[in-house]
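Below are two complexes that have chain A in common, paired first with chain B and then with chain C.
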Partner chain A sequence: MSEYVTLTIDGKEVKAPVGSTVLEAAKSVGINIPTLCFLKGINEIGACRMCVVDVGARSLQAACMYPVSEGLKVITNSPKIREARRVTLELILSSHEKKCLSCVRNINCELQKLAQELNIHDIRFEGELQHYPIDDLSHSIVRDPNKCVLCRRCVSVCKNVQTVSAIETVDRGYKTIVASPFHMPLKDTPCVNCGQCIVACPVGALREKNSTDKVWEALNNKDLHVVVQTAPAVRAAIGEEFGYPIGTPVTGKMVAALKKLGFAKVFDTDTAADLTIMEEGTELVDRIKNNGVLPMITSCSPGWIKFCEHFYPDMLDNLSTCKSPQNMFGAVLKSYYAEKMGIDPAKIFVVSVMPCTAKKFEAERPELASTGYPDVDEVITTRELVQMIRESGIDFRNLEDEEFDDPMGEATGAGVIFGATGGVMEAALRSVPYLLTGKDDDNIDINVVRGTDGIKEAELEVAGIKIKAAVAHGLGNARKLLDKVKAGEAEYHFIEIMACPGGCVCGGGQPIQPASVRNEINLMAERAKALYQEDQNLTYRRSHQNPGVLKMYEEYFEKPGGHKAHKLLHTHYVAREIYPEE
Partner chain B sequence: MSCSCCKADNKAEALEKIIAKYKDTRGALIPVLHEAQELYGYLPLSVQKKIAEGLNVSLADVYGIVTFYAQFYLNPKGKYRINVCLGTACYVKGAGEIFDKLSEILKIKNGECTPDGLFSLDACRCVGACGLAPVIMINDDVYGRLTADDVPGIIQKYRDMEAEAV
Partner chain C sequence: MVYRSHVLICNGTGCTASKVPEIMARLEKALAEKGLEKEVKIVKTGCFGLCEKGPIMVVYPEGATYCHVAPDDIEEIVNEHLVKGRIVKRLLLGDKDVEDVAKSLDNVGFFNRQVRIALRNCGVINPEVIDEYIARDGYMALAKALTEMTPQQVIDEIKKSGLRGRGGGGFPTGMKWQFAANQVSDQKYVCCNADEGDPGAFMDRSILEGDPHSVIEAMAIAGYAIGANQGYIYVRAEYPIAVQRLQIAISQAREYGLLGKNIFGTDFSFDLDIRLGAGAFVCGEETALMTSIEGHRGEPRTRPPFPAVKGLWGKPTILNNVETYANIPVILLKGADWFNTIGTEKSKGTKVFAIGGKINNTGLVEIPMGMTLREVIYDIGGGIPKGKKFKAAQTGGPSGGCIPASHIDVPIDYDNLLELGSMMGSGGMIIMDEDNCMVDIAKFFLEFTVDESCGKCPPCRIGTKRMYEILDRITSGKGEEGDIEKLELLAENIKQSALCGLGQTAPNPVLSTIRYFRDEYEAHVKEHRCPAGVCRALLKYFIIPDKCKGCSLCSKKCPVGAISGEIKKPYVIDQNKCIKCGVCMDTCKFAAIEKK
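After this line comes the complex of A and B, so read on.
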């Protein structure tokens, strides 16, 4: 039980827990205080001064940082306060590049919304505009400092949540800018391309490297057989952009929209997730039985992989050699599928729709082109797919549900839950008993690895073998877990790591929810619900039951971990220096 | 001790000692940067990288701090460090023109150093000699009541000194 204090806000008596802020206390009684830099749990530094309130002190105080105390009297709305907020906002706007109509965040911009809410109709100050170069050299992320409002959410999520720290506030005063050390392009820093900075940004200063033009071009090229695969997390969030409540799975409509866009085939990356479980599960069993390197760590999350290559190069042998489902699917399409359908793999153009910006970088990794062709030709994020759907005039809400295409149209519930933290682990644990003994056990809902705790642990006994597992999401949690393993304080057989907090459902390529939503609900948990719901409703819920995958082994790959599978479905990793010598 | 590679090695060793001295101290970054700058004269990427690694902080953190504080330099300083006072008194007495003249004849901008390593140029705030405004300092020597026309002669004096030394 935490202790409470009583304070008055705008004449209303409020009970609030000790240690909470005026902003939280006000919210609890329905008083909204405007904020800009504040993002709960990520950036609580009072930088922007939009949330100033009168607490009876000499000057107005930032409500997002001001602690409640017994008897405190707060005024949140007075001419003085409104004027202070308005001047602050006008000053921010005075040096902001106001190209709103062509901005990626047009109508989904927290600054725009604030200007509307604070009734800004004239900007009294004309500030000098800075003209900084746009950094678009990364495969994944574009930074446009001209639109930056210096809220520092990106800096904070990169440094404190992900512990990557590729950017910082640099210089001082009017020249302050968010930049990488020595103003290097992001691609030369340890940036892992997770895109958490993009989904944290209130404005359009960060965005994904847009690939929609290249996808349109391919779709218009009659010589190409253009197919698309969609990751599980996409269906869990794309509905948000079309007015569905958060956590509504819209798989059927998403498939229908993709068919309308003109893709020859619409496939489900979940199928490849099942294939991943077959390969990765087999690899785990092999490592346990034959004294291989343990713990084995999952390799589905490309943000995590690059993080490991930079910060834990001594643990590369712990990574599963399995390609991610995205790339496994690409390799399957350009080998098995090409052969089966009699299509020249050079003519197959694979697009993937991912909740992830790091997948764009992953698709460019040269070592993954094991078929002789890149596994995946273009990656678009959930947001880019939304753009394409809007651009085509597709009435998403009124589409009839459609099914993924055959062959390989079938996926299991195990593949679906890959999109949430703990999902890969749960999927693996649903199949490991079968892979070890040839028989399933009763465990299907493995709740201990679900949920949004930063680090989760599970222990499972199969055929007399104890398997200790751990799950971490968000790279800061991954770092904590790995440091414990390295220090010998914890021992596991199998670890799942996803770079983004919450896993792929909250990936850097997902629809952007403003702070006003993220501060109030657990986005990670709400979106994950959509996946667990779909999992419950599927016929097959264990990867090794996927008929399409079994057929693939029968007709092509022979057996999990076999020679052909190794050549096409596995990869290797390279140690990367954090900052290479100049 | 004449070849520069040995000197570089000595400096790297000295830097490691500085880092080791502060390794477990909280808030050590700024004192380490000060001592490293004393050693190298400025804080290039390689030095900042060593410090970041040694103190277990990110290079972004180090660079953020180095660029925040005016007393840290990203570029080497010259053998003759020219500081032009742009404080109020000097400024109204025409220090801006003196700065521009220096920049023109040395062909460098604020914070930079000539390629031969002889001169570096910095604008600074009041040096406390307002009575002599406008004032420049070259290392520890003060030159006051200047006009832009005095500048070439002063620079030439140092160039001559260098020529004699060779």
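After this line comes the complex of A and C, so read on.
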């Protein structure tokens, strides 16, 4: 039981738990205090001063940080406070490159919204603007410091949540800037391209490297057979951009929209997820039976892979050799599919729609071209797909649901839940019994690996073999887990790691929810609901039941882990330095 | 060993920069040549305070204080004074004709008006020899605290003394200790703020250079009082001599068992480490300092929680500044009641000031609280050079403000300075005369804060920059109607909204100069005129025809050929060409050039 204190906010008596803040206490009685830098659990530093309130101290205090106490008297709204907030906001605006109309965050900008809420019509203190070069050398992320408001959300998420620290605040005073060490381009840092900085950014200072033009170009090229695959998490969040409540699956409309955009075929990456489970499950069983390197760690998340290459290069042998579903699918499309359909693989252009910015980097990996062609030609994020849909004048909400294309049109529930943390593990655990014994057990909803706890553990006994598993999401949690494993404090057979907190549903390429939403709901859990709902409704819920996948093995790959599968569906990794030496 | 003479030489940073190492070497060599090395002892000391007259050397037993000593003077001092016993009068600092040279300083206001508590050993002992500190009752206070007093009694004594923080805020030291003592924790810390960053201030540096043990002893006492066994001294890396002497002092204290386990055979253990700051002004702010010690970018955190509750690494921590600590041992030895007798009702004891600017005796002084500005400037500081008129004193550095001549008789203490719109600060005091433009002064201090803002909060990061831009506009003759009001608006809101003390006080130099010298601001904005004749863009140089003899000198010296005329007839300055460098005015022998 937590203790409570009684305080007064704007003359109203409020009971609030000890340890909570004035911001929270005010919210609980319907008093909204404007915030900008505050991102609950991620960036609690009281930097932006938008939430200043009067607590009777010498100066105004940041409500987001000020702890409640018995008898505290708070005023959140007075001429003095309104003026202080306006002046601060005008100052921020005076140093901000206000190219709003051509900004990627136009209409979805927290600064814009704040300016509107605080009734700003004129900026009284215009002055010198800093001009910085834009860093667009990364395959995934573009940084535009001219739009940065120095709220530090990106820094905090990179440093504290992901423990990557590719960016920090550097220099002082008006020259303060968020940058990588020695102002190196992001691509030369250990940045893992997860894009959590982008979804944390309140303004347009961070965005994905846009590929929509290249996709349009391909779609306009009559010589190309342009196909698209969509990752499971996309359908769980894209609806948010079209006014659906968070957590509404809109798979059918999304497929319909993609067809309208002109893709020759619309495929579901979930099918490749099922294929991944066949390969990865087989690999796991093989490692367990034949004393292979354990724990085996999943390899679906490209942010995690790069993290491992930089920070745990000694654990590369622990990584499953399976390509990620995106690249497995690409390889399948340019081999099996090409053969089956009689299309020259050189003419097949594979676009993936991903919830992820790191997938853009992954697609560029030279080793992921086992057919002789890149597995995937272009990657667009969920947000970029939304842009293309809008640009095309498609009335998303009124689209008739459509189905994914055959062949390989059907996926299982196991493939769908890949998009949530614990999903790969659950999918694997649904198939491992079969892969070990040829028979399914009764476990289908494996709740212990669901949910948004940072690290989850599960133990499963199959045919007399005990399988110990762990799940981590967010790279800080991954680091904790791996350090325990390395220190010998924990032993597992199988570990699932997703770079992004919550897994792919909250990937760096997903629709951006403002802090006002993220501070109030568990976005990870809400979006995951859409996937678990779809899983419940599907005929097949175990990967090894996927008819398309079974057919693929029958017609082409022979068996999981077979020769062809090994060539096309598996990969290898490279150790990377954290910072390359001169 | 007994010596017949002791030669004390200031080894503070200022004198060191004025060839003291060479003077020391020459002296050692000269003494060796005369075979006097066993009769005359050279003692390297900390700062004597009167930096204006450095390097300073004092020869005992006579007590002859020599000033502006140069390496070439050494031979004479050795031959005359140390060999023949004849005072070198031309180098004497004070009264040159007094019979007893020991009394030569009696009438020197700089020395006789000071009360030296924090600076008690500076210029007296060799800071690198712990025995000299011990001989001056050093570590007696620690012994007393550990063996005769409970931690609470120590805190009570400090509370009773009325000692307030000398770093700027003036928070009661005893109360701060009490808060930390009240916390229950497995680990607590004692920190020392030696990140002195105010432009022109060097009180803390001088104490660390001249008497490092006083700080170490006080920190150990503080550790005992609050229940901490580890301390950190955060000192700027730009203070190499202070750092070196601290290192020596810490290792000597450890050697003597005055730091380490079971000090004086008691259960109390305490040790100290030095942490070097990279020179960011904001790291003098307590939370930024602790963030920096923790190894992060030095940036302030919001308070509460206060450091006494959650400080360094989240543990209860007290932070006091160097000068505050230097007072502690004396208070414990002589008692709070004695300390209480010095100072004013709410500001007890003394305060060290670094006086600079338009003043004759630039240097370091320790005065009892309550002394008036007039006494400091005229009695101690020796007045204003060239007989110019006193205009204002700037105290508190970039966080402080200006005190105008109309308040010259206000007793200096924490509360009076605050009331006047300035603050005590760490003790920088810059004297300004009629030739100083107050808008320009405000701009100078603001430029400092603009550079030193950590960049965390917008009011400080952007607000001070915008204020600076307005001031820059005003001093360039581009001031607009409403600029002064805009400055005030920004200033008030920055004070209210900024995250830390640096930002909250950054507007003070502007606010206080507007408060007392609004007419000067208005002259700049409305008439595009700088009354003090400082702001170059607003100046015009003219030749007064009646006074000009037509000598052509100015015309020859003018670097841009802006002055023309016929010999023996008044010359004229072409305003379009003039770059306002002032060379003509300096050159003219007939005072025929004026600026306005």
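The rule is short, and it goes like this: the second predicted complex is superposed on the first by the 582 of 582 C-alpha atoms of A that agree within 3 Å, B and C clash if a C-alpha of one lies under 4 Å from a C-alpha of the other, contacts with A are read in each partner's own complex, and residues count from 1 in each chain.
Going forward, contacts are C-beta pairs under 8 Å (C-beta built on N, C-alpha and C of every residue); 3 or more make two chains touch, one makes a residue touch a chain.
This structure is a prediction, so every number in the text was calculated from the model and none was measured.
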### Message
By the touch definition at the top of the document, which applies to A:579: first (chain B), second (chain C), both, or neither?
### Response
first
#### Entry: Partner chain(s) touched by A:83 [first = chain B, second = chain C, both, neither]
second
### Query
Just chain B (first), just chain C (second), both, or neither: which does A:52 touch?
second
### Task
Figure out whether A:341 sits in contact with chain B (first) or chain C (second), or with both, or with neither.
neither
### Task
State whether A:60 touches chain B only (first), chain C only (second), both chains, or neither.
second
### Query
Just chain B (first), just chain C (second), both, or neither: which does A:181 touch?
first
### Task
Check whether chain B or chain C contacts more residues of chain A in the superposed model.
C
### Message
Output check: A:171 vs chain B and chain C. Expected answer is one of first, second, both, neither. What do you get?
### Response
both
### Message
Looking at A:293, would you say it contacts chain B, chain C, both, or neither? Reply first, second, both or neither.
### Response
neither
### Task
Across the two complexes, find the residues of chain A that touch chain B and also touch chain C.
168-169, 171-172
### Query
Okay, in this complex, where on chain B does chain A touch?
45-46, 48-49, 58-64, 67-68
### Query
Quick one: in the complex, what on chain A touches chain B?
159, 165-172, 180-182, 189, 578-579, 581-582
### Sites on chain A touched by chain C in the complex
45-49, 52, 58-62, 65-67, 80, 83-85, 87-88, 91-92, 94-95, 124-125, 127-128, 149-150, 152, 168-169, 171-176
#### Entry: Of all residues in chain C, those that touch chain A in their complex
280, 282, 297, 299, 301-302, 304-305, 450-459, 461-466, 469, 486, 489-490, 493, 495-499, 504
